[in-house]
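Okay, so subunit A shows up in both of these, paired with subunit B first and subunit C after.
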Partner chain A sequence: MNDYVAEMQQRSTGPSMSSSDIAIAIDHLTVSYGTSQVLNNLSLEVPTGSIFGFLGANGAGKTTTIKILLGFRRPTSGSARVLGYDVVSHHQEICQRVGYVSETNSLYDFLNIPQLCRLSRDLYRQWKQERVDHYIRLFALPLQKPIKQFSKGMKAQLALCLALGNDPDLLILDEPTTELDPVARQMFLSTLVKDVAAEGKTIFFSSHILSEVEAIADRVAVLHQGRIVLSEELDTLRDRQKMLCLIYEEQPPAEEITVLGRLPGVRALEREGRAVRLRVEGNTDTLIETIQARPYTLRDLQVVAVRLDELLLEYMKGENA
Partner chain B sequence: MKAKELLEARWKVITFLLLALLGSAGNILFSSLLPSATDEHMVPMFQSVAQEPLKDTFEALVWQSWFMMNGPAILGLFAILLGSGLIANEVNKGTLFFLLSKPISRDRLLLTKYGVSAGLLLIVGLMSALTVVLVCLLLGHAQNILNLLTATGLLWLGTLFPLGVSLCFSILSPDSLRPVIFTLLVVLALTLLPMSLPGGQNWSLWHYWGSQSAYITGHFPLKEYIVCFVVAVVPLLLALIVFRRKAY
Partner chain C sequence: MAIWLHVNIRSGVPIYVQLVEQIQHALEVGTLSPGDSLPSVRELASELSIAPNTIVKAYNELQRMGLIESRAGKGTTVLGEAQQALRERQQDALLERLRGVVHDASQLGVSAEVLRTHFESAVGEFFPETQWQGDKQ
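Entry: the complex of A and B
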């Protein structure tokens, strides 16, 4: 990534210097299809070198955001910069430095791998065939078969190989593993983490598969109905909320449950017999002291980590928006 | 990218090449066995297209068979089918995103596709002209090669109009069938409708796609070339503007 920064600094007509540590900067972006507003005043920053999971339910606006970033369509208002370049005026500069894998693995199915590589090489100013060959060998993809005979997993793997051919600084993946089986998905993701991210490249991937975001992302943003409802480092998110598991000597009355639910920092409450689970945010020590001072005796109290997928799912549903 | 375009269009090319070869050779062979084609044998609508009454010569027969009737019809339809899929097919299959995510301008993308299609039309046109030469030689009537090439060039330039129109519709339409239908309607409106009007033959595109006098007398049909060129450029420019602004 240092090369990228140095190169950026050498560009006299290039982007502003302050943008070099931000791979993607979206500022108050609004996109409308006719009268329907798909993205609503969306602002987001993706740090250089991060693996950024872009989560959202179907129709939340993930693909539209990616289309804006790649210049497939123009924003209704607001702006976006990719690797420091404005998405409207510098489409070619962006595409030269970005690898893209689309949702549908948009490959020409009548071509075979060498033909697709030739086509890609013709379209880029720089192309590293040896790099593509390395990944093709890694995935053991058949060279002479037409793409139409490939499985979905193989197509996704090939799309990734080709997206890496121009040695991109930023990889944008639009739900790349949606149609893959668990084995193919695991192979795809491990390549991303072990090979691509290890080189310091930025990976921005949209998904609605919570487990894969949790497995590889170090930052996450959640989109709900065209708005960003969460943008956070995963570790921070993990630390932000805790689960207090309380087990009472006797089943607490309904009034006590109501009181617990209203304590400061309590975000959610579940009750099952004598067990009460509180999802809390902020300082747990104070809250524990408050609970222990209550007139109902606790047999056990444990502080455990919140399941990230549950938390993200709430954001995706817009419950924490 | 040119190789990809050629591979993608291979079945259309093969089909229309066969049709064009049949249309150029078969009709001349068949017509040569019949009594000479004269004005009286023509459909009244097409009599108005001929710039001057058909002479009872073999050259006139060749011109009528290929450059006036079969050539514009076959190559025109070929152009429409080529143009209709150029963008719409890419959108349908999702492969347009593969191209749009590459560091090339939309203008270059469109012009490459258009250029390959125009090249294919020229190749099929030239192959047909070659067939005409060979068939005429077989029948003992050597044709003037320069006149044949001039007429082929004019026919090719004429087919760029339906190519451009169908390309325009291909950008605007979500599928590749609508561009075919809309282009056929536009082309038929601009070729056949004026012929049905009194004195309207000079406003028909068909009138400019072939020049009988140029083929027979050998003079260069400059006016026809200019008209066909201008008419070809307009939809192409329109397609470039529309494609530049189109959101995907």
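Entry: the complex of A and C
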């Protein structure tokens, strides 16, 4: 009953007290283009202060989700709130408080940086030019060139500089580093962590680059064909699965392999001669005891970490759904 | 002071666990002492380039273990009772290990008699005051 009351309060317009620790709340969101459903009953919460990696293959619906959050598109059904504001009724307010860096960076490309800054200053209530200048110097962007002469990477950097100009509480980035070379990407990401997240701001970024999500995010959600198939703390994922590497004295018979594959907690099995690799979820100790009690002698047994990028890739392919 | 902390995002160990273990270790070896202050969440996030929430999680865990305390305006400091709390944890872990040794011995066919004799002689070696009069040479 109380949950219902809280939910009704959430639905009233304007920011509510209870939403202050949730930067983004998506509730049963469905979006259709014509007859094709792009987002299917999607629910997601992004806690305030988190660095949230939003993963999915191309066409999974990442950009559509972001467009909904910024009020560029209307939900077919369901709702979403950003910083406590409803995305449909309060999209103006959201635009003032959220920084947005898009995949395509549709900047006014006939302007140069000082001209673009003057324009932005008029558009935002709390424009901080010193801050923008600081980042423009950091990325060493040229001041006099018109933006159409910028490389794609420079445009992404400029978009970040401008997005930070109105001191946003939430930064939404749509595949921001796709066009950056490794050096620029590293600088871009460390700016996000050191200057934005460290100040308690929330970062929500879509990506298909697993290594960068692994490096900076504390939470991750995976979108697969318009549905959320995973939403979890990365530290929880790091601990969830382990790889058991078994080396037998002699090659175990096929029946034994079948038995191993059916043991509780075993999610996947690979074998190669005398070596068997088990992907294991949950407590490994009991499983190891069980395996050691089997009649086939082990020469070696090791527990190794499962690579996070491999695990995330499986979710992106929909294999763990 | 943040310099001795480091994280490995690929090790498969949760990052907050890595931080907890390193700070615990620093207390054990005396790199950190009661009253010392720990870097703020912001400083550490910036220094290590990791998400601030992960550091909050590590600090919460250390607080729950009774090793540090965070106070508004005063930052995060190592508690006076930290070493005592740590000692108790180590003792618990050690007694657990002892159980493991006894378990392994029983599996290897060491008799209770032999085990007791060895245990007594080891105790006698490290706790001389418990020795019987007749044992003294």
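In this text, the second predicted complex is superposed on the first by the 307 of 321 C-alpha atoms of A that agree within 3 Å, B and C clash if a C-alpha of one lies under 4 Å from a C-alpha of the other, contacts with A are read in each partner's own complex, and residues count from 1 in each chain.
Keep in mind that, in the parts below, a residue touches a chain if its C-beta (ideal position, glycine included) is under 8 Å from a C-beta of that chain, and two chains touch if they have at least 3 such contacts.
Treat the numbers as computed from the prediction; the structure is a model and nothing was measured.
Asker: For A:239, decide between first (touching subunit B), second (touching subunit C), both and neither.
Answerer: second
Asker: One more residue to check, A:304. First (subunit B), second (subunit C), both or neither?
Answerer: After superposing on A, A:304 lies in contact with subunit C but is clear of subunit B.
Asker: Touch check for A:50: first (subunit B), second (subunit C), both, or neither?
Answerer: second
Asker: Which holds for A:145: it touches subunit B only (first), subunit C only (second), both, or neither?
Answerer: A:145 contacts neither subunit B nor subunit C.
Asker: Looking at the overlay, does A:317 come into contact with subunit B only (first), subunit C only (second), both, or neither?
Answerer: After superposing on A, A:317 lies clear of both subunit B and subunit C.
Asker: Take the contacts of subunit A with subunit B and those with subunit C, and give the residues found in both.
Answerer: In subunit A, nothing is touched by subunit B and also by subunit C.
Asker: Can you check the complex and tell me which residues of subunit A touch subunit C?
Answerer: 47, 49-51, 189-190, 193-194, 197-200, 214-219, 234-236, 238-239, 242, 304-308
Asker: Would you tell me which residues of subunit A are touching subunit B in their complex?
Answerer: 67, 70-74, 91-96, 98, 100, 102-111, 115, 118-120, 122-125
Asker: Over in the complex, which subunit B residues touch subunit A? Could you list them?
Answerer: Against subunit A, the touching part of subunit B is residues 1, 3-4, 7-8, 93-105, 247-248.
Asker: So in the complex, the part of subunit C that touches subunit A is made up of which residues?
Answerer: Interface residues on the subunit C side: 9-17, 41-43, 45-46, 49-54, 56-57.
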